[in-house]
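Chain naming follows the written order as A, B, C and D, and within any one chain the residues start at number 1.
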Amino acid sequence: MNNIKKIDMLTRVEGHGSVELVKDGGRVVDVRLNLHESPRLFEALLVGRRFDEIPDIACRICAICSTVHKVAALQAVEQALNVSISRRIALLRELAVQGGQIESHALHIFCLALPDYLGVNGFQGLAVHAPEKLQMGLRIKKLGNLIQEAVGGRAIHPFNLLVGGMGKMPGADQLQRLSGQLSEICDDVAASIAYICSLRDLLPHLAIAPVCAASGGPSLFGDGLLTSTGLNIAASQAAVWLNEEIESNTNAKVSHFSENTSFMVGPLARLMVSMPQKYVHCFPDHSIRSSLKARIVELKMAVERAQLLIEQLLADGQGKEQPVTVVISKGEGTSIVEAPRGTLLHNYCFDSRGICTAANIITPTAINQGAMANSLKELIAAMDGADYHQIRGAAEILVRCYDPCISCAVH
Amino acid sequence: MAARFISHDNLELLLERLRMYGNLHGPVRGDDGVVRFTALSPGTPPDLSAVRSLLPPKKYLLHPRETILTYTADAGYQLPSEENSPLILFGLHPCDLAGIQYLDRLFLGDDPDLLYTARRAALTLIGISCTPDDFCSCHRFATPLEAVSDLFLASVDGGYVVTSSSPRGYELLKGVQELLEEREIESPEDSRRFFGQAVSGPAFSELDATLPEWQELANHCLGCGACSLCCPTCACFDVLECGGLDGDSAVRVRRWDNCLFKSHAQVAGGMNFRKDRAERFRYRYRHKYRGFGPLRGFPACVGCGRCRVACPAGLDLRPLAERLEGAHHEQ
Amino acid sequence: MKKLRLAIIGLTACSGCQLSLLNCEEELPGLLDLFEFHLFPMACSPALLEGEYDAALVEGCVSTPHERELLLELRKRSQYLIALGTCAVWGGVAALRNGEDREVLRQQVYGQSRIACETAEPQPLRSVVRVDAVINGCPPEKNELLGLLADLARGTLPAEIDYPVCTECRMRENLCLLTEGDKLCLGLLTSGGCKARCPSMAVPCEGCRGPVPEANLAEAMELYAQKGFDRITVLERLCRFYPEWKL
Amino acid sequence: MNSNLPVQATVVTICPMTPDTSMVTLRTEVSHPVAASFLPGQFLELSIPGVGEIPISYCGLPSSDGSIELCIRHVGHVTTALKSVVTGAAVAVRGPFGRGFPLSRYAGQDLLLIAGGLGMAPLRSLLLALLKQRKAWGRLLVLYGAREIRALLFANELMELQSCGEIELQLTVDHREKCLDGPPGCRVALLPALLEHLVVDPERTCAAICGPPVVYPYLLTGLRQLGLSDKRIYLSLERRMKCGIGRCGHCAVGTLLCCVDGPVFSGAELAGVEGALV
């Protein structure tokens, strides 16, 4: 007789999801992932709004990813309305996105995932059993937030990023301070890499699905998607390729690629698309379980990238920005940015009054659903014979390898 | 009359010299066009043509939010200690000087406020002539307050006549002597003339609560409190206790409060002694023109015009005041 | 001292209010001396709703039957229930098209297909349970959140903020974006407490903290009209975080 | 001494008197003026560290051992937090502040004490002071009304004084609960009704009133009908207060400041003052 056990509320992930383990007698025979977050219907909420309201509203899809949502929305709007931004604004936006990357990865690594490796319940347990690791993680995380605050005005839902420009630019002194703080954090980051790479694996080897990521490599931006299967998809075609459809067991749309493959996005995917040579040794086996290592490597890359961006900004100087004038016209825009959890796509259409007529947002966790479900199935196959509790624990850890962001996925 | 004169050309040198006596602050126009009192560093000259700063200099004496007590379980409540390095405020108009005098009466009287006293003692005031604009009413509603400063620069052709009115002012004057010339000048027009006079009459003080004008004005009021924030003599404060996250320590904070806010006269259980906006609005102006408590009978309006300029709704009490005054004279 | 038992739960929302707490990087470890984060699924495992709570901090609005039940259950078990953030207090972004046919909105996103759960118009917490205190903001300000925790530790609650964003904006000596900058700034009508975050960076207030008590909407509309903003534009903007603004 | 700086005090006892009111005894420095020298009707500022500070009237007599009696109703943030304060807890006080009842003006007079609800707290202090020199005054009449029987404060104390002939007492409640029998002679009426059949000599009677603001106009009317001039009527006003020393601006009534000019005012002083009697 089949009997379904539910991990009711996934914990230490963003949003609401559950995993159902199907038991046959003592054996777990099947597993289902369910993203049951209540849909807020953002794509409908946005329709009818003026172009300059779109980024402000869209960034509320998710707090952890709010900066990258905002930037993706801005870029799509600007593309639709033919607004070009200055190099300075572009550098600052990327800086904000890298800040978000640092914050999100540090949050995941040190508060959400690390407790699994140390057998504790969360940051409360870390505070008792590994206080210095927690503190180290929080220091790194804080720096990510400082960067987002300096550029976006606020760590969550940055308001200072506007269509065509910014409210107030960070001053040279502020940038210099950030640069100093970034240099100071390098020791922590180096220590973190060594520490995270030394952690023993908790999961069996599970193969990685084909992957895709934005074409820009470490910049996290790009004008298209690159896949590990050798495809090169232009941004304007990406939504078609991602081919989202509705399935009845999840509130997030699911990507249905041709030939029923699933693609994976996220840190591991990005590294596999363009792996810097110096980090190859961190990934002895190509397995999902390496995703934590991928995050810490990416965290280091983000810190380096942020330093570089600040250097460029400081070198460019503080010239006065001309405010852009937006000529309202009919148009469509699509942008692709790498969010901490993977490829994010925003697409909008505007009518001749600049009012949004259609919105399409595709988020990494939604894309990853197929890969996640497959990994879960592989997991129970690999652990056949293990007791229910072990499988249940492993399933949660596996889900965390994808660091799902369910609010994003369902939006 | 023999007077000490400083030419416009020498003003920059004067400022440079003054910096040796302390931090020098004055009105500066920002990139956004807003005039604020802020540090006059060598690259930032004061804007002496500005009629008024957004916030009055009271911000130096009563910070918008400041700790007045700290608490620890061991020591109980303690007064904070504050280092006050000498601060020179340059370019104060007579209304602002009068405003400071009002605050002095409130905070330096019996039982002086220690934070205020210390900050005030570190302060040197340098006044300057000004040209009132349409919003100024220093010449209309006289107040017994005087525009007292350590030094005063009265505008004359080509420069200013400098006078000192305190030992500290005298000392400064000596220190900058070589920048000054002795000149024979017909007594300069001293824009402090509007102050130091007796109150003109009860006109504006007997404000009848039932006048429909109050309701009319209050309908436009947004309750933002800008009028009192920007007022040089509004000094209402609220007191909050902020517990520390150790569960033990605490700080007590006072912050600018505002009689236009709903909570100003609200007590436990929801009872409110000034329930609606009209009552609050009337209360504010009644206080401004009549004073209360130890400063009863002391009109607190120094005519700087900030309340009108800062009010988003553009509310202006002067027409009402003039009408009332007119009515009073007819009686 | 006995640690206070907290439940921190997100309903329909973006997790920003909970993240705001996790963003208190410096204070977080110290908080553990005063509080037990007993139920905090976003950051702690497992998620078990059991026993009584000294306080429940609830993020987000209510949009499913399950959330309604969970909220009622939390109310029963908690001495204080606090609405954390604008969605919980006012409805927030998710509610911005409340009043329109939800089925039409749903079809715009999901077409004719059915999805796993049925949802209703997002509602603020107070439409379901009694709320003891509120923390406004999208997201809430860290200092208010920490202030709340400090108050809870002493058995008290934060007081209501009764002044608008303009008050703090003027205190910071900003250029007024509405009267002087001709921009559609909602500071006049929006509850303060953020220290005029946005106008201080020359960005108009979008009203993320919801309406200030006794907001003078009629007069504000008059001012917006003077600046050339029509009623519909202003109302739409106002309803971004609180759908019930009406003239 | 700096009147901004609270001195430490400890809670000696805190006893519930009614469901929402407690009697609190504090002890602070011996012979500190905050405990040793005040007039009935004056108040102090009581701090609960980390929670806040509130004005509270003295409810007892000055003491030389540093003890202070207060009667506090639990209504808001600070007063509710006080509920969970334990014996021995550290609090802090500053004061005395304000102007109390003018005892010297009362010499040789008949005195009419009229209290509504919690207003009994300061009037108890006044009564205790009067009783200390019982011979210095004529009649002592106490009229006291509360919402309901269990909300009557100090009822036993008052009745004892009545039975040994020290005071004349009239009690009233707004509602009489079915289950509870009131003290003998307790009426069911609103407080001002007690004035209706009262016989006093208006030329040698002074009244001291403390109660909820709503009853003041009625009480004044009633007293005037008895023939008392406004100069003989003293009322204690309650307003929002923060500093207690005439600076924060909250407690203004017209051009009077409740904290320094009051809280006790004569009816004559309040005549024509906008917002004094609401």
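Keep this in mind: contacts are C-beta pairs under 8 Å (C-beta built on N, C-alpha and C of every residue); 3 or more make two chains touch, one makes a residue touch a chain.
All values derive from a computational prediction rather than experimental measurement.
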Report the chain whose mean Cα position is at the greatest distance from that of subunit D. A
Comparison of A-C and C-D by number of C-beta pairs in contact, larger one: A-C
Distance between chain centroids, defined by C-alpha means - subunit A, subunit D (Å): 64
Per the C-alpha means, the centres of subunit A and subunit C lie apart by a whole-Å value of 24
Between subunit D and subunit C, distance of the C-alpha-averaged centres to the nearest whole Å: 42
Whole-Å gap between the CA centroids of subunit A and subunit B: 52
Would you please write down the residue numbers of subunit A that are in contact with two or more other chains? none
Where in subunit B do residues touch at least two different other chains? 243-244, 247
Residues of subunit D touching 2+ other chains? 50-52
Which of the chains touch, listed as pairs? A-C, B-C, B-D, C-D
Spell out the residues on subunit C that touch subunit B in their complex, using ranges where they run on. 1, 27, 30-31, 33-34, 146-147, 149-151, 153-154, 159-160, 162-164, 166-167, 170-171, 173-176, 178-180, 188, 202, 212-214, 216, 218-220, 222-223
Of all residues in subunit C, which touch subunit A in the complex? 10-20, 22-23, 25-26, 28-29, 32, 36-37, 40-47, 63-64, 67, 92-94, 96-97, 104-106, 108-111, 113-117, 119, 122, 138-139, 197-198, 201-203, 206, 208, 233, 236-237, 240
Under the stated contact criterion, what part of subunit C meets subunit D in this complex? 150-151, 153-157, 159
Subunit B residues within the subunit D interface of the complex: 68-69, 71, 73, 76-79, 106-107, 111, 113-114, 209, 235-241, 243-244, 247-250, 252, 254, 257, 259, 264-269, 271, 273-274, 279, 283, 286-287, 290-294, 296-297
Partner subunit C, residues of subunit A touching it in the complex: 8-16, 34, 36-45, 47, 49-50, 53, 56-57, 60-64, 66, 107, 111-112, 115, 121-124, 127, 131, 134-135, 138-139, 141-142, 145, 153-157, 159-160, 162, 167-168, 246, 248-251, 396, 407
